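Going in written order, the chains are labelled A, B and C, and every chain counts its residues from 1.
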């Protein structure tokens, strides 16, 4: 029953898995009203204006002129954009994968309820998530800096060579991925602990009586029952990784060269430095389509094999 | 429940302070000027201190100061202008100036003799503040110059007479000298760190007789022998290890490397004097003339105050700016913020470093006039980030200097149509 | 009982190692905030300040209007969190337990708003707030971000696991829908309320974008804005930046500590009943 509680975007899947069956119109709409109002007024209406902007040539101080799909045509030939596009895919893939593994590891380690000091540990691991991205970036620059970073300083004082954490393109990408995982894992750990704690203890007790190994218990009880929570983490982590910008900007400014420049940074630069609001809107629409597609795929895949009980 | 009670208490406290602030006394014919500022150090405090006497003498004028982070400054300003409520007065950098110049209110309608006003300031600073109708739209406040700060102790250790060698040195002489300095100082690893900005890069580019734009500023002309030579030289000093790669490739802060004693010199600017005064305790440093390539050159820059066309309080705003920019106020402000003044008649007695300031001023004097015009060009300001990226691509070996300048011109010229 | 002890020891070793690597950068910020600026960039690098000083704290608190920024941020974070928790749990409940036309569409649209990079639509948002007269008002940074798709998502996820039988029973007794929500659902939502409260407080505390759009008056600035002001065009005021960063972390940690017992234990309690 627990594992079925997966939120699904599509009706046919939703019917199968959702248990609520109260047919009403007025009550749920009233419950939804405050959120809907806020979304419509402050996000959706401005976003629709953004959508219209993507069909125009528009600098901040000039009137927009309608140019049809010209921005999108230009976009397909824009090498820098596609570089940031593929960077974003690489960044997102590894960040999300590592984030899920690491936050799951933390959640499993801290879900015993018997461990002494468990609460303190939970808080400790959560601390990085409490920091603003700018703080995180600054702190890690001091750790990974080529000349002034502590890691290289220690390596050199033992006679070693420094490692070009932020100066070599591939290492810089790896560094920003690792730091993003460091900064986000505590947050997802909290959500996952919540999911783990919702698994009834009786199931584990039964498994112990049956003599199941820890690995087997994990595979046949924990994982299936945690699935809906894992999906939440997957979706949230994916969306936020696609929107990542501040942390990377503070750490590498998108460099060296274009090595760690992601779409949002490029959008920002085009909109505010190059003063091309229309073109930037076209870029962000492509970004939103990308996020939307990935999210739908995630829901689809995890919706398919829901028939465990 | 206890927690909730605590929270409600905090909430109440917070709200009560808010409402206390909200009940403002509404006097008669009072003007409240909204003033927007950004800080490198404590400039907003110094500004308020400087105009304190003006506000006392004009009790009907109040100043509502807003400090905005520099990284968001242009964006915020653009948002406010395009939304129809700009601030009444704003502090503006040369970079911001190139972005908002068309929205600024010309000063000539508010002063008796605009030519007299112009003559009060350094010509290069006035050049920055002219709009396309050739009207002055901002009062220059402090002036900045790019230049080289060196670790004097390190040169002494190598037995090099810094004053003698730096009088007329060239970049190739510098290369030999600085190699000796590195060799004589075990802790020192590099000869020079250059700020990771196209503005500081252009210092060297101008010395190599390079430029961004063609002579009448109607198109990009990054593709010129001087610029290509600069790029080749810049790559050479990076590859040979004289310049740390971590600055332009890893965005490490060159001022930090200099403070740590890792580099012999830093191409920064007059603003670094203040920082190094506070932070460098382990060695002596000083400002020297930069080596020359084809010519000697610095790059002028500075800060301004301006008012906007959309402001509702233009008259009072202009009065405030005029008062803030007069000789006495300007000198006080520049002294307290430890900056060069942009006034031609300023004579500031700095408590220290007056020789260093003199070097910056002398570098400014030999700087070609067109450099200011390039840096105030609105279209150029749109491609500077791209230029920076392309320079890094050259350093990485991903493109040749020739390809990079062609890329920059192709992209830049789309803005010059 | 020998084996579990060894197991537990390994467990601790692993946790301590991970915790150390997690906290090292934070520790660095903390210790550096007690260094005089001249010590920050000096080789040999040291973790522990040579000359401890609280000067950075004194000057960063004196700078500008620290008490005001602090109380603004507390006010915004608390009010916005209260609002967020109530409206998000309501929305989560509607999406979890009712079937009505347009439900999927509404849910999809709400998740979709999460995908919009707000930086891109800053100017339209600014114009919208101006039209509504919410510029330069703390309400402008309280209300718009209060509806969080993530909060709704989490609330729905949790509430969907509550047994329908509870609601059915109440309804047979003739209870009104809002009464059921207030008396039954809200009571059972404690753990998710705590979770969303912690997250929301943290988001609002660290929010930079909405204050940037809305606030144009120094008296209404928030801590994060004040922090960003230490990074100038040409220079960074490291000492004060590090000191104020440290101060700014404390309230979020306190909130987390206050609520954490509440929400982890609550989840367990709820699940046993289900």
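What we mean here is this: contacts are C-beta pairs under 8 Å (C-beta built on N, C-alpha and C of every residue); 3 or more make two chains touch, one makes a residue touch a chain.
What you see is a predicted model, and the numbers here were worked out from it, not measured in a lab.
When the interfaces A-C and A-B are ranked by C-beta pairs in contact, the top one is A-C. Chain centres computed from CA atoms place B at the largest separation from chain C. We define each chain's centre as the mean of its Cα atoms; on that basis chain A and chain B are separated by 37 Å.
In terms of their C-alpha centroids, the spacing between chain A and chain C amounts to 16 Å.
Residue positions of chain C touching 2 or more other chains, listed in rising order: 41, 43, 123, 127, 228. Multi-chain contact residues of chain B, defined as those touching 2 or more other chains: 75, 78, 82, 253, 256-257, 260, 262.
Multi-chain contact residues of chain A (touching two or more other chains): 60, 148. Taken in their complex, chain C has these residues touching chain A: 8, 11, 14-15, 18-19, 22-26, 28-29, 32, 41, 43-45, 47, 87-88, 90-91, 93-101, 103-104, 106-121, 123-125, 127-129, 132, 143-144, 146-147, 150, 152-154, 156-158, 160-161, 164, 167, 177-178, 181, 191-192, 195, 198-199, 202, 206, 208, 224, 227-228, 241-242, 245, 248-249, 252-253, 256-257, 260-261, 263-264, 267-268, 270-272, 274. Of all residues in chain A, those touching chain C in their complex are 1-2, 5, 7, 9-11, 14, 18-25, 27-32, 34-36, 38-39, 41-47, 49-50, 53, 60, 106, 109-110, 113, 115, 119, 121-136, 138-140, 142-143, 148, 150, 153, 157, 182, 186-187, 190-191, 193-194, 197-201, 228-229, 232, 235-236, 239, 242-243, 245, 264, 267-268, 271, 277, 280-281, 284, 287-288, 291-292, 295. Against chain A, the residues of chain B that register as touching in their complex are 74-75, 78, 81-82, 99, 102-103, 189, 196, 244-246, 248-253, 256-257, 260, 262, 381-386, 389, 392-393, 396, 398, 415. Across the complex, chain C meets chain B through its residues 37-38, 40-43, 63-64, 68, 71-72, 74-75, 78-79, 122-123, 126-127, 130, 135, 138, 212-213, 215-219, 221, 225, 228-237, 258-259. Of all the residues in chain B, the ones that touch chain C in their complex are 3, 7, 10-11, 13-15, 17-18, 21, 34, 36, 38-42, 44-45, 64-72, 75-76, 78-80, 82-85, 87, 93, 95, 144, 187, 253, 255-257, 259-262, 268-269, 271-272, 274-275, 278-282.
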